Every structure is written in C-alpha cells, then in structure tokens.
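Chain naming follows the written order as A, B, C and D, and within any one chain the residues start at number 1.
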Amino acid sequence: MAVEISLSGEVITARLTGEIDHHTAVGLRKEIDNSIEINMPSLVILDFERVSFMDSSGIGLIMGRYKNLSKRGANLNISGVNPRLYKMMRLSGIERIVKVDSPLKGEKFDG
Amino acid sequence: MAVEISLSGEVITARLTGEIDHHTAVGLRKEIDNSIEINMPSLVILDFERVSFMDSSGIGLIMGRYKNLSKRGANLNISGVNPRLYKMMRLSGIERIVKVDSPLKGEKFDG
Amino acid sequence: MADKNCFSMIVDSRSVNESFVRSVISTFAAVLDPTVEEISDIKTAVSEVVTNCIVHAYPDTIGKIYIKCNTEGNVLTVRIRDKGVGIPDVKKAMEPLYTTAGDERAGLGFAVMQSFMDYLRVYSKPEKGTTVIMKKHISVRYDLRR
Amino acid sequence: MADKNCFSMIVDSRSVNESFVRSVISTFAAVLDPTVEEISDIKTAVSEVVTNCIVHAYPDTIGKIYIKCNTEGNVLTVRIRDKGVGIPDVKKAMEPLYTTAGDERAGLGFAVMQSFMDYLRVYSKPEKGTTVIMKKHISVRYDLRR
C-alpha cells in the first residue's frame, strides 16, 4: 500500500495504490493528515484508481479525512472509483456527504 | 493445467501450460499417452515454456513418457526449460538420459 | 461441481494477517470458479470479520483467530471465531454505522458481511468470544473452453 | 525484519489441496519479502511434502494433514505432519530415487526438500505417521524504494 501526494495551488491530490484495510489504513491516514497539516489545502482529492482492494476501513479513512477537513472549512472529493469500490461506497452512504466522481458510477452495481 | 498436442510428420509436440504437480500430472499423462498410442510418433517433444510451477511429479511425468517411448523405439526431447525448472531437472539427473534443450541451460543455476 | 473440501486454520490477531486470511480463503474458494465480483465480495467480508477480531475482540492483546471453511456443491461456508471480549448486544452491534471504536472505524463491518454474502449468523457471549458464520453461493458458469 | 508470526492449519489429503497449501505458505512467507527464486523453492518443497501425505501416508483414504508455520527474524519454519502409515526406514526413504510407489513417482521428494530448503528433519513411526520440519532462510534485501 502506498500513497503519492501532490500539491497544486490549494489542492492536494492523494493517489492511493494497493489494498486498503485496517492494517494499511494507519499509515495512509498519517501521511494524508500530515500533508493537510502542512499545506492547509482548500480541497483534498482522494484518488482510488489504483486501489485493488478496500474493506470498510477505507470508508473509515474517508470519513476521518472528511471530518478533519470540515473542521478546517476545506472540502473532500473522491475520484477513480471502480464498480467494486463503488459497491462499498454506496453501502456506506458516503456519497451523500462527499462528492464521488467516477465514470462508472451507478452503472453496473445499481441492482 | 492444460496440454496442447500437435502432430507434424512423426513428431508430436506437447505444449504444457500451468502448474505441474501430482494432482495435475494424472490428466497430462493420460492425454500424452493417448496421443502416443494413436499417432505412433518417432519423437515426442515436451515443451515446458509455459509451465509456471513444477515439483518432482513433473520428473515422474517425464520418466514415465521416456519409458513408454523407449519400449516403442521412439525418442523424447524436453524444451523451453527456464532456470527454475532446470534446477529440478538437474537435481533429478534426467538430462543424462533425455535431451534437455534450453537456451538458459546451466547458465544461472550451476552454483 | 466440486467435491466437498474443508480446512481449518488458527492465526494470531495481528493486522498483517488481515490480507493473509482473505487471500487464503479466496484461494480455497477458487475451485468453485467464482467470478471476480464474487471473489471480491468474499475477500471483503472476510477482511471485516478478521479486522473485528483484531480491533474489538482482542483490543490490547494478541489472541488466536479460529477459521473453518468448506465448499460443498457450489456453496462456500466460512466460520470465524475468537475467544475475545464478546459482544453484549449483538443486534445493536449489527446495526449499520454502530461502532464502539473511534472515528476511524465506520461501523459498517456487519453491514458489509450482510450485503456481500448470502448468509450471516453471529453468536457472541461477553468474555467468551464471538463466532461469525457466513455463506456464499458461487454462480455456476458454463465455460465451453473447459 | 518482520515480527514473529505463526499459523496452523488442517486440510484434507485431497490432491486439489497440493496447490492450495503451497500457495497459502508462500503467501504467509511474503512478509519476509522473498525473491522469486526463494518463493519457488518453498512452494516446490511444500508441494513434495503435501503430495507424500496424499500419496503415501493415506494411500486409500482421505486423512488430515496438519501444518504449522512461523516466521521469526528472516527464517520461515514449516512443519507438516500426517497420521498415516508412517515410514519404516526413514534413512532409506530419503535416498534419492528411492520410491515405494509406481513408475510415475520419481523418488525425488526428499531430495528436493533437502536441496531447496536450508534445514530438513523427518520423524516417522509405522502406523503413527510422519512429521517433516523444514526451514528456509530468506535473504535480506535492501530496497531503497521502501
């Protein structure tokens, strides 16, 4: 599991790679929060395109970042969600509070 | 595990794909022996290029075919052996009785 | 249709074993020729159960996680047990978004098991531990190449 | 250097479990970051032991195979036990090319374990069963990307 963080203006993009579970989420959380602390972004984009597996720890990770950013008056977006990850996002209802940006959104798993 | 058998003149080429162990060797043996029975070749080439794993059951498979063909006065060649398979072939001493044709032969595993 | 097969296994409640156990179970299930979707569902549900053992059942110690699996016909059954703190009110614990852990747990573990698998039963006794039983029906595919 | 970790597992002596067990053990060993060569050595040796349980220990029945594995420092230890027919003369059985089975067994199982692993001990008692213990030292790599 790895995260690649890039900064452009006031926007942080965190590109996640590999498997997200409780074991790997710890390190991801630290790296992302650390970058928020230092760079004070107005928007953070979590990019899930290269995530091969995610359990509900990934939802915990998103919720935690959402709360952290809300306190600071900043926003969170989610991108690169494939149908399998979308199944989890949908179950969690997270799309009602965070913008989930995905080409495949709702297409295959709506049933 | 699969085997693709092709015939050209008196030569049978059996192209093995996947993992060879005691479980998969049973089916391979039957298919190859069946083709020998029907086609009466003078030479059988066992091609290991697409074999991803092999334990000593693979040596048993080679030895069994060797004996079967010897009885019929026919020959057996081995081709497409990568360094990892070669380690097994070398341990078995099979190259002393069967022609093992490999570009990588002895290069990496001689120590 | 595959033969009946089974395995049982005991692992430590270390978080590194979350990926180990889900990969073991999905490898075991592979004989049933599941789709990529089905494998992903199984892995996710198993990951939830194992994580619960690590995070909730044995919060401050390394305990043992007991796993039993079998395939029969085209049904995979997974049974995961711990001897940890147990759950006082299982019904409440199973409500979506309910969690006793901090901000980083979503309270969705049981909801995932319920929605990704075809059968879920949870038995628990405070100070004795928890048992989760899940089943997944694997679709039968007619693949002409096989 | 990885933490000490362990698992134990029981599987049926069905030939379909040959690939299952070698894949489980190589997944377990993955935390030690073995090379492709080392993984291949481990898989091959494990496959030999499991096959022996299936072919020799329980020739006409389905019995249980008992597996224990641990990693400590950078050493993987694998212990595989059966309660099958046992081996009357272990020393003789371990000689290369010695086999009590037919033409299709090469008699090389023990020779492979010996040469592909760093440590091998075999304990056996007729009618009680056989225990094989193997160790493999995993090379430590210094990967700057990590």
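Criterion: contacts are C-beta pairs under 8 Å (C-beta built on N, C-alpha and C of every residue); 3 or more make two chains touch, one makes a residue touch a chain.
Computed from a prediction, not measured in an experiment: that's the story for all the values here.
Asker: What chains touch chain A and also chain D?
Answerer: Neighbours common to chain A and chain D are C.
Asker: How far is the middle of chain B from the middle of chain C, if each middle is the mean of its Cα atoms, in Å?
Answerer: 42
Asker: Report the inter-centroid distance (CA atoms only) between chain A and chain C in whole Å.
Answerer: Computed from C-alpha means, the inter-chain centre distance equals 24 Å.
Asker: Please tell me the distance, in whole Å, between the geometric centres of chain C and chain D computed from their C-alpha atoms.
Answerer: So the centroids are 27 Å from each other.
Asker: Multi-chain contacts only, two chains or more: what residues does chain D have there?
Answerer: Each of 16 in chain D touches at least two other chains.
Asker: Name the touching chain pairs, please: which are they?
Answerer: A-C, B-D, C-D
Asker: Considering only the defined contacts, which chain A positions touch chain C in the complex?
Answerer: That would be residues 19, 21-23, 25, 29, 53-57, 59-61, 63-64, 67, 84, 87-88, 91-92 of chain A.
Asker: Note which residues of chain D are touching chain C in the complex, please.
Answerer: It is residues 3, 5-12, 14, 16-17, 20, 23-24, 27-28, 31 of chain D that touch chain C.
Asker: In their shared complex, at which residues does chain D touch chain B?
Answerer: Counting only chain D, the residues touching chain B are 15-16, 18-19, 22, 37, 40, 43-44, 47-48, 51, 54-55, 103-106, 108-109, 111-112, 115-116.
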